[in-house]
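Note that the chains take the letters A, B and C in the order they are written out, and that residue 1 is the start of every chain.
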Amino acid sequence: MLEVRNISAGYGSFRALFGVSIEVRAGEAVGVIGPNGAGKTTLLRVISKIISPESGQVMMQGQDLRQVAAHRVVEMGIAHVPEHRRLFPRLTVEENLRMGAFHPEARRRFAERLDFVYELFPRMKERRDQLAGTMSGGEQQMCAIGRALMSGPKLLLMDEPSAGLAPVIVQQVFDLVRRIRAEGYTVLIVEQNIQQVLQVVDRAYLLEVGTIKQSGNAADLLASPEIRRAYLGI
Amino acid sequence: MDNRILGGIGIAALAAIPLLGLGNYHLHLLITVLIWGFVYTSWSIMGRFGMVSLGHGAFLGVGAYVTTMLWNGMGLSPWLGIPIAMLVSMAMALLVGYPCFRFRIVGHYFALVTLALGEVVRLTIVGLRDHTGGSLGITVTGVPQGTSFLALQFNDRATFFYVALLVWLAGLALWRIVDRSMLRYALEASSEDEDAAASVGINVTRAKLVILMVSAAMTTLGGALYAQYQMYINPETVSGISISLQIVFAVIAGGLFTQFGPTIGAVFTLLLAETLRVSFGHDIHGLDGTIYGILLVLFIIYMPKGITGSIIAGLSRRRAAPTAPAE
Amino acid sequence: MFDSFLLESIINGLLLGGVLALLALGLNLIFGVIDVVWICYAELVMIGMYAIYWLYVFYGVPLPGAVIAAVLAVALLGVLLHRLVIEPVLGTAPINQLLVTGGVLFFLQAAATLAFGIEFRNLGIRMPLVEFGDMFFSFARILAFITALVGVFLLWLFLTRTYLGTAIRAISQDREIMPLMGVDPRRIYLITSAIGGGMAGMAASLLVLQYDVHPAIGLSFGPITFMVCVMGGLGNMLGGFVAAFIFAQFISVGGYLFQIEWGYVIAFCFFIAMMFIRPKGLFSR
């Protein structure tokens, strides 16, 4: 479904990615794991065209995203749950969800999608008129995921969904990811919480200092001695 | 070192100008450039630190009107009237500046607050029409023989030229002093990042107040000088938005970040105005403003460093080019 | 003793407040969305007034037609202003964005002088006076007040009930992620500029019924509009709305008790005082 080919990217003179290639097949959940500063967020930002790469290309279902304007990426079926959630704090929950369904195709199916999201997150329905900025971190994460789902995506990009949340809530967030998978979405998830994310995804890539160091089945990576030593502290 | 010699030669050359036997018209142009060059320098002394005032007409107006009112009404010599006007301006600057700087009102907010201040001074002048003549303006009462040192009135343009030259040089000197002072570093640091500046012990509020008050006092002197030279003032020419914007325009055109930029701006605007006047005559109202407006927009978009800044950048690029290492 | 003249000027202040609120709202909308202050906002109003005057007096276009044409023309002017002047400097120092509209102020004011001369012009329409007890109110003012409030209400509906309106409110809260929502910020900026311009055109149609138009008319209510916006908190629409009515009272009652200029001066002194008390606006968060 998504093919990232040989991407190099950065900010100004600082380069965060060096020739990164990954692939996500339809129906899969894929993780990109690695330490802080490895370039994981940059990778997702390149895919959804918040930043443009220096070289390399991204293909979504055979379409080269270089020919797609940044604000049309979401119409291609890619929804991005950004790092730190990035809700609109002074809009209500429902208004945030409405923003997720901004493009014409999504607007047409707004009511249907809203029902779906409220069913998935009943808590959001209770809080529909609350300002998003006044909710707890876990609730905000639900809202951010809900907002991304409102666009009716084929592929969901999630950037550190567990960051900054209490351990109990982290568990809930990963349960959510499982449920979203079960709904049939393809997921590309970026995480530092390696132990947890490898239990949710099918495959994963290990990104270190801007290059892919290792890749494979989640179970194999979880068993890999290097990863266990470097990241899981075992 | 050679800069100092060059400066000396420059000043001597300027001082010799009236001896050349120029006509009154050319002396008038020179005096105008010096007075406005000084006013523009006064604005840029704070404007270069990102403190953009759209209300310097307020200080200009206070300078012109307070001095004139004290002379016309009470016979108080401008030698006393000007310092009084400067104190009034500084008090005004303090009153408006303190809350602005204390509460971190910068950029847009600050510009809008000063804009309102300029309007209020203009409206006050108009409102006090019984004393100021309202929007019709007022004539400075002349001394009988035309020249009086005490009244700061000189029949002879050459004398006034020296007065203006002195004031202008003082303005440039002040610019240089600020440029080399700790105040500059404090203000540059705080225009980049106020929190960071405050955290390394810079009293941002005080530094900004000092520069605002210096700028206000200088502008006031410029306004008073203008009144003494023209012998007639009205609220539109010395106060309000138009004049405040003209100051901004001239400085941006000349160059905000160089010592001579504002003066070049004064030369540029004067040449522009004179060319238009000679080509089209007095009758076409608004032509000069139309062109100023378009030029200001073009300058900001294409040449934000102004004439002098762009020349300096061009020269240093040329100088650097041959020695630049190959990539 | 009951002073019916005082009451009359209080009510007149209220009526004036409606128009000021409309003006402040347009400016606040632009600032909130694009993060730019159109210093030349009142000059756009002036152009709108001339447009109505020209169409109505010279070409005999019926007033409603002239008003609609003027609103559209000023909306277009807003779009042009954004495309030609604001967009080239959007990435540069914020102060450039302010100054560049200062250049436009200069230009519009002078160009109007060039085109229309410095004479004061009016539509020559006599609006009736409305008598209430022993107080008299100008019908034009009442009409302006009602229309302004309707305009404000329609804008509120637009901002809260539509996708586009929600996006306009959202963009000031997080600019960078707007494309992730499928929103093209450039398009939002252009639409906002058109709405802001349209509101200036609407204000023009209300003011041209009450005041003579001349090239410097922008200067007579531009500064007060800026003060209203700053006191309400730049970009804060509710704050601007309330501040508009407070300022209008100062101008109207101050003008009644003293002289019109003093009304402005008092309003400004109040403004300075408020800056000490609530420096970030009436409803600062």
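Note that a residue touches a chain if its C-beta (ideal position, glycine included) is under 8 Å from a C-beta of that chain, and two chains touch if they have at least 3 such contacts.
Owing to the predicted nature of the structure, the values given are computational and were not obtained by experimental measurement.
Participant: Chains as vertices, touching pairs as edges: which of line, ring, star, complete or other describes this one?
Facilitator: The chain contacts form an open line.
Participant: Comparing A-C against B-C, which pair counts more contacting C-beta pairs?
Facilitator: By number of C-beta pairs in contact, B-C is the larger.
Participant: List the centre-to-centre spacing of chain A and chain B in whole Å, with centres computed as mean CA coordinates.
Facilitator: Chain A and chain B have C-alpha centres separated by 56 Å.
Participant: Go ahead and note the Å separation of the Cα centroids belonging to chain B and chain C.
Facilitator: 31
Participant: Once you find the CA centre of chain A and the CA centre of chain C, what distance in Å lies between them?
Facilitator: Result: the chain centres lie 43 Å from each other.
Participant: Give the residues of chain B that touch two or more other chains, as numbers and ranges in rising order.
Facilitator: In chain B, nothing touches at least two other chains.
Participant: In the complex formed with chain C, which residues of chain A make contact?
Facilitator: 48-50, 69-75, 79-80, 82, 86, 88-91, 95, 98-103, 106-107, 147, 151
Participant: Write out the stretch or stretches of chain C touching chain A in their complex.
Facilitator: Contact set of chain C toward chain A: 163, 166-167, 169-170, 173-174, 176-185.
Participant: Flag every residue of chain C that touches chain B in the complex, lowest number first.
Facilitator: 31, 37, 39, 85, 88-89, 92-96, 98-100, 102-114, 117-118, 215, 219, 222-223, 226-227, 229-230, 234, 259, 261-262, 264-265, 268, 271-272, 275-276, 279-280
Participant: Taking the complex as given, what residues does chain B use to touch chain C?
Facilitator: Interface residues on the chain B side: 50, 52, 54, 95-96, 99-100, 102-105, 107-109, 111-113, 115-117, 119-120, 123-124, 126-127, 240-242, 245-246, 248-249, 252, 284-297, 299-301, 304.
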